[in-house]
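Chains: A, B and C, in written order; residue numbering restarts at 1 for each.
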Amino acid sequence: MAIPQRPQTGRASKSAASHPPIFRVRDLHVHYGDTHALKNIRVDVPERQVTAFIGPSGCGKSTFLRCLNRMNDLIPVARTTGQVLLHDQDINAPNVDPAALRRHVGMVFQKPNPFPKSVFENVAYGLRLEGGVTKDEMHARVQEALEQANLWDEVKDRLDMPGTSLSGGQQQRLCIARALAVRPDVLLMDEPTSALDPIATARIEDLIAELRQRYTVVIVTHNMQQAARISDHTAFFYMGELVEFGATKQIFENPRDPRTEAYVTGRFG
Amino acid sequence: MLFLFLSASVAAVATVGIFLTLVLNGLDFFREVSIWEFLFGTTWAPDFFPRQFGSVPLLKGTFLIGIGASLIGVPIGIGTAIYLSEFAHDRVRRVVKPAIELLAGIPSIIFGIVAIFVISPLLQDWFGAPVFNAANATIMLGVMVIPIITTLAEDALRAVPREIREGSYALGATKWETTWRSVVPSASSGITAATLLGFSRAIGETMVVTLAAGLVPTMSLSFLEPTQTITAFIANRAAGDLPTGSVEYLSIFAVGTVLFLITFVINVIAQYVLARQRRRFG
Amino acid sequence: MSRLDLSGIDPRRKRTDRLARAALAGVAFLSVALLVALVGTLVVKGAPHVTKTFLTSYPSRFPSRAGALPAIVGTLLLGAVSMAAALPIGIAAAIYLQEFARANRVTTLLRASIGNLAGVPSVVFGILGLALFVRALMLGKSILAAGLTLGLLTLPIIIVVCEEALKTVPRSMREAAFALGASRWQVVRHHVLPYALPGMLTGSILALSRSMGETAPLILIGAAVYIGYMPGGLMDSFTALPIQAYYWAQDARTAFHDLAWAAVLVLLVLVALGNLTAILLRDRYQRRYKW
């Protein structure tokens, strides 16, 4: 099937050499209590590309996403074994502080979750944690983040308004700006548009296409068409296993595994 | 069915009844005492001649002890609530929470007895305080309001949705930073309501202040001096026999009205604040 | 190429986190410690004086012969009267609000007034009791007047507790009954009420414990300072443990202070027994209905 793809801005080359892996995952297993949620995951996530995780509900794609910034640590019954290397450092090593990791690997959630604070304070939240940022710098960083999230023009006169007073799509872009403000290397997105209307969704998809110039984006989506539209690489998960990983074009037009083919042709969802 | 409706209305009828009782008798009081003197006079001496009915000392006593008790109860109560809601292991929760509920069930007379027989001697020894003083009552009332504040504040904190915490952690915040910068602000309405209701309970309490705070209403702001609150005045006055219609009898209603109005307004504000919190996250 | 330092955030932030955890745990521990200290003080000071004489005698000018018998009986009687008055009204009110009331202004007002009544200081209830029951209705300084006043005071608690009990009735039970053609009243009377009644009663025991501990309304209504006989009827004068303790505590002779400790210890035991019974019963009924 022919896939309409978004025009690639910036570097169009898709060769592996220009996008070395930023994450290298080996032998990753995750257990929730007795449930074996992720089995033996092995994958390299390329830098400054958009990688999509697709698969039916409950296949483990969100669980794997949360491994990349150790958000699974917050779940008491979750146990993770295996290696996740971020720029050759094992993020699960005992001397690694998850809080430090999450400065480099940001996350945007399915339901927009702005804090009950002003637009400005939402974006500045991460910056205030570190401290040592002057007032002028703060304003500059907040503006930079909001511009990168394509939200600045809409809120520049409303920075003191509560974040919750924005529309759904705007709130999600606010959450993206909030994540970008700390200048992470990676932006993880867990079904970021599933709670939004089609117009807001389209705006965020445009945004993701732009973000790949600066950031590595990993997006979990249950919407295959979205994955096909915006991602460079796609990983298909099924029942806790990573079934197939490759260039998006290849996954959708020429899947190697029969399960992948069955899923992308819509035989099950 | 009508019986059911009437039963449900008893509370409303009672509230109106209380208000009417207080106000109607209060009006009789103000036939004899000028309302100006009552509201602004700084001497409350119903038993001396000439009699004076300036309520400011009683109000001062009430608020001094109420605010003092809140200064003790609010930090401990909210701190305990934060700990229970965000940090405590299950095993610890199962001990602390019932302990708080037990504390809530202890009758106020017990706090009063401890105030006069345990706290007072201590303050006399350490600070040379007189037997009756405001601090006795303030300390015990502070402890007494901890459970109310803890329970309400904890409910408010638990009601904060998980997504708020996740958003904060995802930005690299520590647990304390997440709690203090995102969870507590989100629960601010409920925590405010908890504080207000704790304060309201403290100023409405009678036995502790009657037993330990003193019999003489003064304008002094010192905690180490005796003072009398509205509730203590009512209890002391009523302990003797009061001829109906006498100005001493009626003075109870006048100050009772003031107390009722203050707690009523605080409670209405607290309920409004709680409703706003429920609307936000309900 | 690794330019990332993942080993830690600003150590000041880590230190703040650790300090905060310790401080919060300390505060929570303090709350528990205060409870233990309170109860401990009571036991230490009061237990030695809870003697057989104390439990079976009447008050006396002589501390060694004084007892709290009428006070204990009075407390129990007052509890019974207040429950007898408040329980039917409270249950009825809860049933109305949960099962029959529509979501309109009147209902909001009713609920608001229940919430407000809960916050009225106990001494104000005493004033109402004095003006209404003692004087206007001419019940005098009687057990009845005091019991009615205490009943009114605990009414909001009972209503809340009964509503909670009604809320636990599974919707499926109601729906099944309606589907069989029962009227709303029949559903309530034959299905909802029997299911919720145990929960209502056990919860009301908590209200009972609360009313047994109240003192201020009793002072206002005119509890007797010295009762040399057992109350015979509802219109008799009364005394109660909190009142007895209050007057003993104010006695100039320190020997009576010991008796005050004993009295409040007995009171606490009664209240604790009440709460414990309520909790145990609640657990038992919760388990029985888990299907």
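The rule is simple: contacts are C-beta pairs under 8 Å (C-beta built on N, C-alpha and C of every residue); 3 or more make two chains touch, one makes a residue touch a chain.
Bear in mind that the values here come from a model prediction, so they are computed numbers and not experimental data.
Q: Which chain is the middle one, judged by CA centres?
A: B
Q: If we define chain centres by averaging CA atoms, which chain lands farthest from subunit B? Would you check?
A: Result for the farthest chain: A.
Q: Can you check which chain pair, A-B or A-C, has more C-beta pairs in contact?
A: A-B
Q: From the mean C-alpha coordinate of subunit B to that of subunit C, what's the distance rounded to whole Å?
A: Subunit B and subunit C have C-alpha centres separated by 17 Å.
Q: Based only on mean CA positions, could you tell me how far subunit A sits from subunit B in angstrom?
A: Between these chains, centre-to-centre, one finds 50 Å.
Q: Taking each chain's centre as the mean of its CA atoms, how far is subunit A from subunit C in angstrom?
A: Spacing between the chain centres: roughly 53 Å.
Q: Where in subunit A do residues touch two or more of the other chains?
A: 99-101, 103, 129
Q: Please output the residue numbers of subunit C that touch at least 2 other chains, ranges allowed.
A: Where subunit C meets two or more other chains at a single residue, that happens at 9, 13-14.
Q: For subunit B, what residues touch not just one other chain but two or more?
A: In subunit B, 172, 174, 177 touch at least two other chains.
Q: Once bound in the complex, which stretches of subunit C touch subunit A?
A: Going by the criterion above, the answer is residues 1-10, 13-14.
Q: In the complex, go through subunit A and note every residue touching subunit C.
A: Against subunit C, subunit A makes touches at 86-89, 91, 95-97, 99-101, 103-104, 129-131, 185.
Q: What residues on subunit B touch subunit C, complex-wise?
A: So the residues of subunit B touching subunit C come out as 1, 3-5, 7-12, 14-15, 17-18, 21-22, 25, 75-77, 79-80, 82-84, 87-88, 92, 95-96, 99-100, 102-103, 105-114, 116-118, 143, 146, 150, 172, 174-177, 179-180, 197, 200-201, 203-207, 210-211, 231, 234-235, 238-239, 244, 252-253, 256, 259-260, 263-264, 266-268, 270-271.
Q: With touch defined as at the start, can you tell me which subunit B residues reach subunit A in the complex?
A: 161, 163-174, 177, 181-182, 185-186, 280
Q: Along subunit A, where are the residues that touch subunit B in the complex?
A: Contacts found on subunit A: 69, 71, 74, 99-103, 106-107, 109, 111, 113-117, 125-126, 128-129, 175, 178-179, 182.
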